[in-house]
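Heads up, the next two complexes both have chain A, just with different partners, chain B and then chain C.
Presenting the complex of A and B:
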């Protein structure tokens, strides 16, 4: 007997339709899976066999051939357990895929030996693909249900065991899980205990970081050890604007595929903050592997990628950041496939000005020989620095600033200003696919940003005198636009451009 | 025939008597297929079984059923497929095809006999 169940395979961040066919005939007994399965799919035989027997179904001794179509798409992971088991049960007449005449359902999930259903990675992306191919509903492990329910217009049927899945399949689904209440999910935001007001002094740096966060611009902080660079960076999440719904779904899709979605949260509502150690490999940072998986740049999508000790990172890893910083995505090619992951990040880097750390300090001498300082600075290539909009020095805090109670605005106040600035940007950039000034395309930049006459004159002068690259010039305008947005100014004036330029020009970085 | 061969024959005899008593119809014993041999081919209702008989006098090398290793399983499965290929009518009315093991264990007196239905399959 022949049976067929619709399922999905994960390819990067996308689901690809797969049809699971099972043929069960009376012949010398064997259980084979064909259709380019990997080791985890091959092992599915043992899980399916045990789950069927332990769910009190019969596993007759016959020849079982399972085909995963299309046969040229590589199938990975345990999510085919459930469709294979269901196809087998239908083929042996122990289950009905009749669906009460309401059209078939797709299925996916990992089986335990006792027949319980375990959650799978990438359920959101897989559910979206089921919706796209026009299948009306999806049976999947209960632990994945909340995630799949984010997909509008898809009926989600959670099942805890194989037996429940069989019941759902026969009845065409019982009661579908209610569609997710997106605004409620989006509203829940865990409180942060780190506040911007914790930081003493550093008013300039705080202002620069506020501008950076408001427009998602890249920042490089330089200063002696212990000045507060890391402390500043760690507090960035507390002033970041909330994710919009579209952004939250994009981030959740990535975390779901990476298997990093927290058990109790169907939707990621906080902007990511990733701080990989400086020994990270290039594939770890930008993504990679035999079947490419998202790296830290993609996990930081629409959030912050914080690289502490920036100059200590491997050169290959740092230079690998060039494409994502410019294009907002990263393309990884391997022998079998080439995949593109989104990577629209705000890069926050921190480093010492020299190997000993005290170059330019108020009252401590640098002990580095001149050539070592040059060598250290030269680890950062021109093209990489060109992509960093704000470069700021974070000096040691003078003693008078270390006293006193209030230290500038609290995170809540700053976040309100940042959120207001983002509102202006969202309104301006509506429909362009990006959400912040830093990611505005050059074309939109010309179309949407208007500079007054003084501002234009100042920018032209800076372009000549400072020998800015064309890209740098565009980036100066983007930052100036953010500064204008913070003030809710309709046009960019010369003060905005001047502040923007002041963040770019730091002689130490410009050799 | 030496003593070991005598013991093996006796075990196959015991297995055959056991299966007949359990309602199986023996379609063949020591069936030669090409270069190999199937110990017992039997049918009961809609079930067709290829039975491998394994006997052990001691447990020094483990229980008899554990002595049917991967190579032996592959051999039995291949011979069964050849046997079926030559007799397409044999599958008429058959619902299940199985590879069974009958283990004859003489490590204690009296000898015991264990029938392991669907002891293995040929997975690829």
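Presenting the complex of A and C:
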């Protein structure tokens, strides 16, 4: 007898419709799965057999053929266990599918040998795809239910065991999980324990980061060990505008596919902060692998990617950052497919000024020979540095500044200023195709930024006296525009340009 | 080669160049010859049989030292091997030149464009160098100019008061500033600045000298090199080297194509000390090339000056040690000029870089005079970061950043490593 159950396969961040067909005929006993299954899907035979027997169903000695259609799509992972088991049970007449006339249900989930259902990765993306293809409901492991319930208009039927899934399939659903209360989920964001006011001293760095967030500029911090670079970077998400619902779902989808969604939270409500170690490989950073998986740049989508010891990263990994920094997404091409992961990040890089770390420090001498210092800085390529608008030195805080209570504005105050600046910015950039100052191209810059006479004069003088390159000038204008936006000023004046000029690192990177 | 009883001037000159080239491939050759013969002129008069008896034939003298187990790390062994390979090629070049006929060889050496070879017996040979116990037998010179101009520049090198400004390759911002000020001010006062075109202090002083020299000035600065004058070393200074060739002279006792090797730099320092009336040490660790130059200068009876720095820093070890042993203190070009007593000075008085009119102009242009003034006063107390300036002047940090940048653009302050701003000296 023949039976068919709808399911989904994961491809990048999207689900692809898959029909699981089972054919049971009286012939020499065999159990084969066809339709480009990978090793995990092949092994599914053993899990399905054990789960069926241990759930007190019969496993007759027949010839069983399972086909995963379409046959040219590569199927991976254990999420086909449940649909295979259900299709088998329907084909052997031990279960019935959707006889209440409302249409069939889709199913996905991993089976344990005792018939329990285990959660799968990417449930949100899969559920969205089920919804898109017009299937009304989805049976899936209870642990994935909250995540799938984020999809509006989809009936979600959680099941803890194979037996429960069979019951739900037969009843055409039964008790659907309540749809998620999105606003409540979004509202229940845990209060961040990292606040800008925690940082003692470093006023210039704090100001620079405020500017950076307001204009979505990438930042490079250079300073001796212990200056507080990591501490500053960690507090960046706290001054970024909160995630909107759509953004939260986008981030959640990526985390779900990467299998990094926390058990107790269905929706990621805080901006991601990713700080990979500097030994990370290129596929680990930008994404990749046999079946491409999102890398750290995608996991930091709409958040902060913090690269400490920037100059120590592998060159191949760093050069891979160029595309995401430019386009806000990563394209990974393989023989059979080309996948695109979103990667709109704010890059925050931190490094020591030289190999020993103490170049320019007040109290300690740098022990590096001159050529080693140049070598260290020259590891970073020009095209990569061009995408970093703000560079600043973060010196160690002198002891007298390390005392006292409150230090500057709290994150909430700064966040309000940033939000206002972003609004101002969006109004100015409306219709230009960009949504942040950092993304203005050189041509946009001439069109969208207006400098007053003093500002132009100052910039010209700086160009000559400080020997700025043309690109460096563009960076100065971009940052000055953000500073003007923070003040809600209609034009860039000389004070904005002057402040912007101070966010650069002496000569070492201005080649 | 048939030896005449007395060598004619042309032959003496050829022998100078030939021996000079030989010496650049084998260190200490001239010293040995002078010791054996008595003086340089006696070396030039010696018969070729006498000479060939004195010159150790080429051959790679690879004394295989027994290396004890502890120091025989792989790196050391590799370095020793590379060292051996370098010696090997150098000895090969040496053998090649030794076989050549001096006259023919000398002719080949003088054929390059923009170049000259000054032999010990030439009138343009700097007289100060003759005071060395083992003077270079010839100087290889390069400058991007015509023959006439080259001769004029060499004449200036012979006559002008020369001061060597030397120091570390990895200076502090303060050292860089002092080297810059000294290079510029000495040049403005008509002193010829000589240095080694190394990274750091040397390059800064020479760049400043070129900046300070008048356009019409014949000789802006002289670089004494530790490699052949046609060899670009260090690469980071290639542009500056080109500039020096355009406005000054590249001088070396080493022949065309001789590569830079560690053992050539002390020899170069000896020539630098020999050329100068005074040596100024700006910054340096206790065992540094600057210290070596100062040592040669003391032996030759030249003035040694040292720029004082912060106590207890590694980079002030050399100058402070020199000061402790009686070197003159050097806080500005005036100290140097007084020490070498080179009167008359250059015609015009020093154009003050940080003078009242400049400040006045900035204050007039600046929108808020009070705050600019405050920032300048704060920086006068010492180098500061933007945070410190903001605190000192009681302004917001972004205002301080903006004011500092404006001062920087106006040339009154400068941003150095570590985000520290300092006043530009005069």
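Just so it is clear, the second predicted complex is superposed on the first by the 414 of 511 C-alpha atoms of A that agree within 3 Å, B and C clash if a C-alpha of one lies under 4 Å from a C-alpha of the other, contacts with A are read in each partner's own complex, and residues count from 1 in each chain.
By definition in this document, a residue touches a chain if its C-beta (ideal position, glycine included) is under 8 Å from a C-beta of that chain, and two chains touch if they have at least 3 such contacts.
If you're wondering where the values come from, they're calculated on a predicted model, not measured in any experiment.
Look at A:204: by the touch rule set out above, it reaches chain C but stays clear of chain B.
With both structures placed on the common chain, the touch criterion links A:30 to chain B but leaves chain C unconnected.
When the two complexes are overlaid on their common chain A, residue A:462 makes contact with chain C while staying clear of chain B.
Once chain A of one complex is fitted onto chain A of the other, the partner contacts of A:359 are limited to chain C, with no touch recorded for chain B.
Once the two complexes are overlaid on the shared chain, A:398 sits against chain C while remaining clear of chain B.
Applying the stated contact rule after C-alpha superposition, one finds that A:369 touches chain C and leaves chain B untouched. Of the two partner chains placed around the shared chain by superposition, chain C is the only one that A:502 touches, whereas chain B remains out of contact. Set against each other, chain B and chain C differ in how many residues of chain A they touch, and the higher count belongs to C. The touching residues of chain C, when paired with chain A in their complex, are 169-170, 173, 199-200, 234, 236, 313-315, 367, 385-388, 390-391, 397-406, 408-411, 415-420.
Taken in their complex, chain B has these residues touching chain A: 47-48, 50, 77, 80-81, 84, 91, 94-99, 118, 121-124.
If you check the complex, the residues on chain A that touch chain C are 201-204, 206-207, 223-224, 353, 359-362, 365-371, 373-374, 392-395, 398, 401, 458, 461-462, 465-466, 483, 494-496, 498-506, 508. Against chain B, in their complex, chain A makes its touches with residues 26-32, 45, 60-63.
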